[in-house]
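Below are two complexes that have chain A in common, paired first with chain B and then with chain C.
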Partner chain A sequence: MALIDIENLEVTFGSRGHVVHALRGVSLSVEEGESFGIVGESGSGKSTVLRAACGLAPVSGGRILIDGVPVATPRDAAFYRRVQMVFQDPYASLHPRHTIDRVLSEPLAIHGFDRREARVEQALVEVGLGAGFRFRYPHQLSGGQRQRVAIARALILEPKVILLDEPTSALDASIQAEVLNLLDRLRAERGLTYVLVSHDLAVVSHMCERLMVMQNGQVVEQLTRQALQDHATTKDYTRNLLTASEGFTRSPVPHS
Partner chain B sequence: MSPLLSVENLRISFPSRQGPVEVVRGVSFTLGRERLGIVGESGSGKSQTGRAILGLTPVSGKATADRLEFDGIDLRNATPAKWRSLRGARMSMVMQDPKFSLNPVMTIGKQLMEAVKLHGGASEARDKSVAMLEAVQIRDPGRVMAAYPHELSGGMGQRAMIAMMLVTEPDLLIADEPTSALDVTVQIEVLRILDRLVSERGMGLIFISHDLELVSTFCDRVLVMYAGRVVEELDAAKMNEAKHPYTRGLLGCLPKIVGDVRPLPVLARDAAWLE
Partner chain C sequence: MTELDADHANQGLRQWLLSEQPASRRQARSGQAYRAWLAFRANRLGMLGLGIVLALVLVAIFAGFIAPYDPLLGGDLRTERLLPPSWDHLMGTDDLARDIFSRVVHGSRVTLLVVGLVAIIATPVGLLVGTTAGYFGGWVDTVLMRVTDIFLAFPRLILALAFVAALGPGIENAIIAIAITSWPPYARLARAETLTIRNAEHIDAIRLQGASSGRIIWGHVVPLCLSSVIIRVTLDMAGIILTAAGLGFLGLGAQPPQPEWGAMIAAGRKFLIDYWWVATMPGLAIFIVSLGFNFLGDGLRDVLDPKAQK
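And then the complex of A and B:
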C-alpha cells in the first residue's frame, strides 16, 4: 500500500458563473521513502496538488489517503505531525517580526513536544545553520539561509512526508545546489518521503525517482527518471518541455 | 568600425552607514551589433551595470567611468534633455517583470502609442504599434491594444513590453532578465523574437541573466560578473573552456537532466576572487 494516495482529485475556485477548474481528476500514489516530482508550467495546477493535500485549497472531488486512511477535513493535528510543507518564497513564508527561535518553537508548542530548546538547536544544526542563528530575525538572513530555516521548521515535528513547493526557485544556482544537497541528505538520513513541485525539469530529474507532468489541471503523463533521461516520453508536450529545458535553439520547437 | 558602446572602468557606489559601498568596481567592455550576455548571481552588480548605461542609477547611488560612450556620444555628462532624446529612441531597456513595469491603469495600446508619439510619428502611431505587436508574435493585436496589463498573461505582457521598447527601433537594447519570470517554452519563444530582431535590424543587445546555461546558448559573448567585477570574458560557444573557478563552479553546480552527480558540487568561494 502506498503512503500517499490521491484519487481523482478535483479543485475548483470561484463561484457562480466564473468557475476555474484548477485540478480535473488528478491521481497519483507515492510509496514510503520515495521522492516524487511534479513538473508543469505556471497555471498547470502543480502547486494546487500540494496545497489541496495540505488542506490549503478547496477539494471538490476525489480522495486523499495517507496510509490508506482518508484525511480529515479540516486536517487534524495528527496529519500535520506526519505531513509538512516547505513553500517557494523564503522571503514571504517566515514571519518578519518573529525570531527564528519563535518560528521553530511554535509548532513544538502546538503539538506538545518536550525538550523544546534542545530540539530547536538540533534542527538548526541539522540544516547546517548552527545554534547561533536562534535569536536572529528573518531579515538578517540571506535567501538560502531562510530556506534552510523553512526546512528546519518542517523537520522539527519529525514528519514522514515533506511537500516541497518550488523549494529552490527563488535562490541563486550555487545556493540551489546547497539546498538540494541538504534535502537529499535529510531524506537519506531520516527515510523521508518527498513530493517536490518544480518548473525546472533538471531539478526534478536530480531529486526524484518518479515524476508526473501536468498541464491545464490534468496529468499529461507519469514517467521514471530513467525514462526522462532517455527522452522516452510518449507525449509531445513532455518532449517540448524537455527540448525547451535544454537551452535556446534557433529552429522552432515543433508544436503539438 | 567603432563599437556601438564602450564602457571603461565603470564604478557604482551607494552610501551606507559604514561609508560608500562599491557594487560595481571597474567594469570595462565594448559592444558591437551583437548579443552580449552578462551573467552573475544576485548582488554581483549585473543589473546596476545595465542601468548605469541608460543613466538609471538610483539617485542615492553614484556612477563614474573613465569612458561611457554610445555611438560617439559621451554619456557621462549628458544633460536631462540629451538623455530624453536617447532613451527610448536609441537605447531602451526591457525589465524583468511585466507586472511591475507596465502602467496598470493604461491600456497596452495607449502605452505603445505614447512611445511612438514621443519620438516623432504621431500620425502612424497606431499602425506602427499594431505592426510591432505582430512582430513579437501576438496573434490578436487588436485585442491586446485595448487590453490592460492585468488582462494579459505573463508571456503576453513581456512580449508587449518588448514591443514597446522596440517600436522606436533603438540601436541598443538592454534586457534585464527578460525571461526569468516566464515558463521555459514561452521563454524560448521570447528569445527567438529578440534573436530575430538583433539579426534583422542589426541591434546591439545586452542580455543580463543569472542563467549561465541559457546565456551560453543564446549570446555571442559572455561576461561573468562576481562581486562587482568582470572575472571572465568568454566566447559563448566555448563555455566549457572557462578558466575562472567561479565560472566553472557555477556551471558545475547546476543539476542536469542527464547524468547523476550526487551530491551536487557546491561553490567554494575564494576570498581571492574579490581582488
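And then the complex of A and C:
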C-alpha cells in the first residue's frame, strides 16, 4: 500500500459563474521513502496538488489517503505531524517580526513537544546553520539561509512526508545546489518521503526517482527518472518540455 | 577616567544591542527596539512631538508641584478677577479669580486621562474586530463590518453627544462615549491589513503547523497590523483631545469646577474681546498637545510603516 494516495482529485476556485478548474481528476501514489516529482508550466496546477493535499486549497472531488486512511477536513494535528511543507518563497514564508527561535519553537509548543530548547538548536545544526542564528530575525538572513530555516521548521515536528513547493526557484544557482544537496542528505538520514513540485526538469531529475508531468490541471504522463534521461516519453508535451529545458542544460545533471 | 569607563560601557551596550548574533530572546528584542529608536531619533519633528507628549505626561504627574496656586480656589474676588498675564499669574486669572496657569497645568491630567483611556479601550476593540473580520472572511466579516459601518455613519461628536446625553454628563461618560465612537476606523484599518496578510505564505506555514485561529490572529496577524494601528491612534489623539474639549465646551464633559481645557474655553467665551487670555491660554494648550501628538504620529509612521519607507 502506498503512503500517499490521491485519487481523481478535483479543485475548483471561484463562484457564481466564474469557475476555474484548477485540477481535473489528478491521481497519483507515492511509496514510503520515495521522492516523487511533479513538473509542469506555470498554471498547470502542480502547486495546487500540494496545497489541496495539506488543506490549503478547497477539494471539490476525489480522495486523499495517507496510509490508506482518508484525511480529515479540516486536517487534524496528527496529519500536521506526519506531513509538512516547504514553500517557494523564503522571503514570504517566514514571519518578518518573529525570531528564528520563535519560528522553530512555536510548532513544538502547539504540539506539546518536550526538550524544546535542545530540539530548536539541533534543528538549526541539522540544516547547516549554527546555534548563532537562533535569535536573529529573517531580515538578517540571506535567501538560502531563510530557506534552510523553512526546512528546519518543516522537519522540527519529525514528519514522514515533506511537500516541497519549488523550494529552490527563488534562489540563485549556487545556493540552489546547496539546498538540494541538503534536502537529499536529510532524506537519506531520516528516511523521508518527498513530493517535489518544480518547473525545472533538471531539479526534478536530480531529486526524484519518479515524476509526473502536468498541464492544464491534468496529468499528461508519469515516468521514471531513467525514462526522462533517455527521452523515452510517449507524449509530445513532455518532449517539448524536455527540448525547452535543454535550451540551457545540454547534458543531464550529474548525480552527487 | 570614570568618563572613559562610562564611554566604554556605552560602546559595549551599543554593540550588545546591535549584535548580528544575539544570544538570547531578550537581546534580540532589545536590539530590535534600539534599531527602531535610532531610526526614530533621526526624525526631528517626531522627536519634537515625543518631547511635547513627554512634557504633557511630566506636567500631569507633577501638577501639584508645578502649579503655583490652587486650581479650584480663587483669590480675592474684588481685586484678582480677570487679571492680565503677569509674573504673579503667568497666564492671568479668570472671572472667579483663579490662576489660569494652575488650571491649565491641572487640566493636563484630565487630557491625559482621556487620551490614555480612549487609547486603551478603543485600540484593542478595533484591532480585535478588524483582524477577526479580515481573517475569517465570509459571514463573520459581513456582520462585524456592517456593525462597524453603522458606527462610522454617525459623526463622532454627534454620537458622543448622544451617548453622553444618555449616560449623563461627566468626564468618565465622555471618555466612554469617545472610545465607543473611535474604534471603527481602527477596525477598518486592521481588516484591510489583515486581508493583505492572511494569504501570505508565512500564515499558510503556521496554519500547516496546526496552529489554532486564535493563535494565528493574536500571534501572527496582530503584530503585523499593530504598527499601522498605533500610528493611526497617535494621529487620532489630536482629534480625541478636540472631541473631549468639544464635549467640555458644550458642558457635557468635565463638570465645573474641574479644570478641563474645553470647559475653560467655554467659560472664557463670554469675555473673549476684553479678556482674551481667559479663552486663549487653554486653547494654546490644546493646540500644542494636539500638534505634539501629530508630530509623534508622523514620526512613528516613518519608522514603523514599511510602506512609507523612503
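Worth a mention:
Heads up, the rule we're going with is that the second predicted complex is superposed on the first by the 247 of 256 C-alpha atoms of A that agree within 3 Å, B and C clash if a C-alpha of one lies under 4 Å from a C-alpha of the other, contacts with A are read in each partner's own complex, and residues count from 1 in each chain.
Following the convention adopted for this analysis, a residue touches a chain if its C-beta (ideal position, glycine included) is under 8 Å from a C-beta of that chain, and two chains touch if they have at least 3 such contacts.
Because the structure is a prediction, the values reported are computed rather than measured.
Overlaying the two complexes via chain A leaves chain B and chain C side by side, clear of any clash.
By the touch criterion stated above, A:R63 is placed in contact with neither chain B nor chain C. Angle at the C-alpha centre of chain A formed with the centres of chain B and chain C, after superposition on chain A: 80°, rounded to the nearest 10. Shared-chain residue A:L241: touches chain B; no touch with chain C. In the superposition on chain A, A:H139 contacts neither chain B nor chain C.
When the two structures are aligned on the shared chain, A:R97 is found in touch with chain C, with no touch to chain B. When the shared chain is aligned, no partner comes close enough to touch A:R115: not chain B, not chain C.
Closest C-alpha contact of chain B with chain C, superposed model: 11 Å. In the superposition on chain A, no chain A position is in contact with chain B in one complex as well as with chain C in the other.
Residues 41-42, 154, 183-188, 191-192, 195, 210-214, 216-218, 249-250, 253-258, 260, 262-267 of chain B touch chain A in their complex. Chain A contributes residues 41-42, 143, 172-174, 176-178, 180-181, 184-185, 199-203, 205-207, 228-229, 240-242, 244-250, 252-253 to its touches with chain B in the complex. Residues 20-25, 27-28, 32, 200-202, 204-211, 215, 219-220, 223-224 of chain C are the ones that touch chain A when the two sit in their complex. Interface residues of chain A facing chain C in the complex, by the touch rule stated above, are 54, 56, 75, 77, 80-81, 84-85, 87-89, 92-99, 101, 106-107, 110-111, 132-133, 135-137, 140, 150, 153, 157.
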